[in-house]
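The first chain written gets the first letter, and so on, giving A, B, C, D, E and F; residue counts start at 1 in each chain.
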Amino acid sequence: MDPGTKQKLMGVSTATLCTALFKRGLSRQFIQDVRPLNPAQPNMVGEAYTLRYMPAREDLNTIEVFKNREHPQRKAVEECPPGAVLVIDSRKDARAASAGGILVSRLMKRGVAGIVTDGGFRDSPEIARLAIPAYHQRPAAPTNLTVHQAIDINVPIGCGDAPVFPGDVIVGDGEGVVVIPAHLADEVADEAVEMTLFEDFVQEKVMEGRSILGLYPPTDEQSRSDFAAWRRGKGR
Amino acid sequence: MDPGTKQKLMGVSTATLCTALFKRGLSRQFIQDVRPLNPAQPNMVGEAYTLRYMPAREDLNTIEVFKNREHPQRKAVEECPPGAVLVIDSRKDARAASAGGILVSRLMKRGVAGIVTDGGFRDSPEIARLAIPAYHQRPAAPTNLTVHQAIDINVPIGCGDAPVFPGDVIVGDGEGVVVIPAHLADEVADEAVEMTLFEDFVQEKVMEGRSILGLYPPTDEQSRSDFAAWRRGKGR
Amino acid sequence: MDPGTKQKLMGVSTATLCTALFKRGLSRQFIQDVRPLNPAQPNMVGEAYTLRYMPAREDLNTIEVFKNREHPQRKAVEECPPGAVLVIDSRKDARAASAGGILVSRLMKRGVAGIVTDGGFRDSPEIARLAIPAYHQRPAAPTNLTVHQAIDINVPIGCGDAPVFPGDVIVGDGEGVVVIPAHLADEVADEAVEMTLFEDFVQEKVMEGRSILGLYPPTDEQSRSDFAAWRRGKGR
Amino acid sequence: MDPGTKQKLMGVSTATLCTALFKRGLSRQFIQDVRPLNPAQPNMVGEAYTLRYMPAREDLNTIEVFKNREHPQRKAVEECPPGAVLVIDSRKDARAASAGGILVSRLMKRGVAGIVTDGGFRDSPEIARLAIPAYHQRPAAPTNLTVHQAIDINVPIGCGDAPVFPGDVIVGDGEGVVVIPAHLADEVADEAVEMTLFEDFVQEKVMEGRSILGLYPPTDEQSRSDFAAWRRGKGR
Amino acid sequence: MDPGTKQKLMGVSTATLCTALFKRGLSRQFIQDVRPLNPAQPNMVGEAYTLRYMPAREDLNTIEVFKNREHPQRKAVEECPPGAVLVIDSRKDARAASAGGILVSRLMKRGVAGIVTDGGFRDSPEIARLAIPAYHQRPAAPTNLTVHQAIDINVPIGCGDAPVFPGDVIVGDGEGVVVIPAHLADEVADEAVEMTLFEDFVQEKVMEGRSILGLYPPTDEQSRSDFAAWRRGKGR
Amino acid sequence: MDPGTKQKLMGVSTATLCTALFKRGLSRQFIQDVRPLNPAQPNMVGEAYTLRYMPAREDLNTIEVFKNREHPQRKAVEECPPGAVLVIDSRKDARAASAGGILVSRLMKRGVAGIVTDGGFRDSPEIARLAIPAYHQRPAAPTNLTVHQAIDINVPIGCGDAPVFPGDVIVGDGEGVVVIPAHLADEVADEAVEMTLFEDFVQEKVMEGRSILGLYPPTDEQSRSDFAAWRRGKGR
């Protein structure tokens, strides 16, 4: 993405981004049924680095497997690039953990921008206190070995029914997480900034008591000229 | 409803109201699986004004449709009476938004008493900061157009598996939302006030260490006379 | 359990306990999909005392049944031993309450250590303010009579897909609730204390910037000797 | 039940019985989401003998447990009275078998009237060829030990969200299974026979082209007199 | 629809129709999770006439309500036009019946083309023997009154997550049911006939051993000329 | 697998195989919630060749993509080895087809042993008439493009919550499908043949009226010697 794109995406909402994507024919880019553990964090923005889980076969998922430095879960945590977002396909199964406090702490220290799973995290109260955005379905204390086997790193995956390709731009806010296809990130960021500006104007007018009819969307000429004036006044 | 009924309903809980309705043979009036975005608000009380969504057909739900001033979602927001509660039948589908921050702000400014959907809201962090009670299943950033088409205003609907008729009295608290059939609102409010009084007495006695046996319900004569005395003492 | 076991279990997490159980071949001991109403409480630790609900048949579940002092729900509340945890099998059905504020208050006053249901509580905002740990799936205002009939006390049950035998040791924290088979409680508590010590060390090292490879698990000799030194330094 | 009641129940449908129960205020007596493996069988009628499963704890559910002659699953199969129906509470979980072909064959040879589980059977193709009615949710090849532990015999249970007490009268047909409270069996059977007679008349008239208005229910005097004449003509 | 359109739709599959709709940007027109009770019937084709259920409130749904000739369920059965398909929105809830054998018989006698519900039918074994196509989720013996209240006739509805407008063309086959927007019925029927012709050719070639590459779709010139020759040979 | 293993697996049931795997600590090898379209077929036996779907992004899944000869779905159909079973990870989502009649016909002609998806097939009535075993969740007329994007061939996947590695031995019967890890196939086949022999003996004895106690499992010495004699008599 463009150098300025990340900054732009820090200031817009996932709701606005979803609408910008919808205008481009993409309606399934919101990761369904995940929520922030630490909603007061600034937006999470970064390129997707993915981890894929499959169902665990008992003989391949004993506690010993973590001694293997090549275990994909541990490898992903050490290799996810700084600034990226680790997105995990847990098949929407939150009966066991996708990751825990120590691994998320390591990601934070390595400069990773955030972590998302459509399953759950263990140590969720600790993760909620870390300064790295984290999103999951619900807490899951059991080790991943009971349900999940980490099998692939940085392949295309599904997460919460959304398609995620490595390099897609992931944005999270207090509401949830959206996946922006890599080639659209710059233009969608630009449009979302514009939309946000207009929505700020609309919100201000609504709070002053104006009707939404003709204003949102601005089908009345008056709304459009008021917005132009407001914008000039704000210098935005 | 009677002039005093709203005031009474501001001071009782949805749990108490559900029991009062159960005594009258009504056991499905609690809207299942919705929660308050802003639980610290006072109770939400108002008559139901409804909006019905159906599944969205793609050709009828482009971004252009909002330019139509008669679009039922926008119309409902402008026409829902002050003091009423807007109740939305989203077929329990939270994959897309039932409404967003600007529309809920407009409802608030228009004096609407609250909003409930069995789907989700977009801009949920913003809505959580507004001074209007709002209840949903979970946040949903995508525009309603991706999943929902607003089709009917003020018809009987289902919301969270509860039947809702226009004019029914809707009450929400920190726990959830209950639907009181219009013709029962006054008597149920009266009974709930009485029940609340008794439950306050019971809670006080329990905190003093008394057993619930014979007290809750008051099968012991002692409990009944203690309550009468307590009540006189409190002047309630 | 040993006198010291409860104290040990107050200081470890459900996540650590799940791993200790997994090492012993037990992978289904976490109660799925329940959450604390009052997450700031200290850990909940106590032996399981159980209540089993079955689906309610209408003629057997009128409001009158609570006048019966032998009603199993009320009886369980009065007979659950101080220090025990009341665990309720609500068949994962949260459409009606498993219990409410007055009953939970009574449990608290009686010295019961906590309450868990895989259904929901009514009066959940009040319960959230009590000084007794309580876990449920989601709030449920309707009286239990609409969906549940209390039928058995202190028999083996399922709760959130976990097997619970009377006397099993129940531990809850901010993440959820785990069931430790009675005969394993002492040894699992001991092991969890050791594991927690090591995880504290690892977390500290990770926050200092160390890689997890070779450290977690400590396959490097260096990690093991560092831990030994750290432990001596801490006097733990 | 009365000697003639079983015979009457062999000739009526679960749909008719559900309506007769609904008229008595009972609306949850149909076992949800089970289907006959062998739908061409005559009705299944018998008194409920129950088996309750709880979630399996791994250490208590090794293959060795079946060597115990007191294992509740095996015991239930040998002790369920001839003429009774074995009803199993599998917590609606069909991931593992509630029973298999050999046990169902044994029940058949012992004269048991049928078997119902809200989970699944293994060896379902073989069971489908046996001359004993069997109802389940879907086939489930894994042994019950992987998910279920048999824990109680002949206690009140839930099955497919319906309440089942030992001795209740169970009736199954090509549609599903209904639970008639023991004390109502005789009167409900009588009423269902009458209803069936009337519905046979209505069906005949409808097939002759008559409107259902005024006929079903028979609000027109003409319908009632036609039925009386039809009945006399049939000698029923 | 055009006079010939119905005939064309009798000879094509729902799968082919779904693809034709997908090419026009419509991807949600298949009614999810319904199946034919009588799969050997010819295709069901007719214009949608709809019935909407809402959750039943107990006081409004006693057995007496059917005495009202204006009850929407009974009215719909008598007023659904011959040749139309009655499509019922049961909110995907199959716990109670959407209709039963007598009503479906009446529809058949009235010349109605078929019936679809996203809930269930009672008397399903009888309906399976009638000469009218019927589709549901699963059998449901309880009367609709226990869960559903018929509330609206011939309004836009959802059925199995598909949008259905009165007058849309409904097609059912052994696989399921698809909803064709009224204005597209003629062109989609024409295209589906053409597609079916080509698929018949492809199927024949595949059964002769040809690879699908270059054939399906016909990216090879050879495939296209073979098809042209085959078509001439068949005179289709 | 050994040359004789396939033959052995043709004669045993998935239920027996699940038990043999359970004895080896593997309890999740049954593919959940799939059923045969053509249950009268002989057993399906072959090594797994896999196809992985991810959620479809609209711009990457237009009807044009099938013109690409490298499209993974089409490629898998042409490259799945004769004798293998094509196992598809459709994320348990049956809203759109995993494959249709023409592709399954091509697999059959190519000598593939069977096909399994945890989603659905389109053209299911046609597939049900083909002489190749096919298993799915339920029919799904919409093209895969509406929900699924084929992304990987022959990687480890999940199917119906079971782990599937390429080369694992897949066995299907009238009940469902089980996944045998490749390295266990020979020994599990041997054991299953022995178990089947014993179960045939038990079934015969049960049909003669013998109790299962002491017989199944054969804890009585008499049962073991009877079996030995029976076996000699049968020459098996």
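The criterion applied here is as follows: a contact is a pair of C-beta atoms (placed from the backbone, for glycine too) under 8 Å apart; a residue touches a chain by one contact, two chains touch by 3 or more.
Everything numeric here is computed off the predicted structure, so don't read it as measured data.
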(message) According to the touch definition, list the chains common to the neighbour sets of subunit B and subunit C.
(response) A
(message) By the touch criterion stated at the start, how many steps lie between subunit A and subunit E on the shortest route?
(response) 2
(message) Looking only at residue numbers at the subunit A/subunit F interface, is the share used by both copies over half or under half? Answer same or different.
(response) same
(request) Give the label of the chain whose average Cα location is farthest from that of subunit E. (result) C
(request) If you tally contacting C-beta pairs, which comes out ahead, D-E or B-E? Let me know. (result) D-E
(message) Which option, C-D, A-F or D-F, should count as the same interface as B-C once over half of the contact pairs match?
(response) D-F
(request) Calculate how many whole Å lie between the centre of subunit A and the centre of subunit B, each centre taken as the average of the chain's C-alpha atoms. (result) 31
(message) Rounded to a whole Å, what is the gap between the Cα centroids of subunit B and subunit F?
(response) 49
(request) Could you list which residues of subunit D touch at least two other chains? (result) 27-28
(request) Examine which chains touch each other and state the graph shape they make (line, ring, star, complete, other). (result) other
(message) How do the chains pair up in terms of touching? List each pair.
(response) A-B, A-C, A-F, B-C, B-E, C-D, D-E, D-F, E-F
(request) Note which residues of subunit C are touching subunit D in the complex, please. (result) 24-29, 54-60, 91, 149, 151-152, 155-158, 161-163, 181
(message) Can you tell me which positions in subunit B touch subunit A when the two form their complex?
(response) 63, 66-67, 69, 74, 77-78, 94-95, 97, 100-103, 105-106, 109, 122-125, 138-143, 145-146
(request) Would you mind writing out the residues of subunit B in touch with subunit C in their complex? (result) 13-15, 17-19, 22-23, 27-28, 30, 32-33, 35, 39, 161, 173-176, 178, 199, 202-203, 206-207, 209, 211-214, 216-217, 219
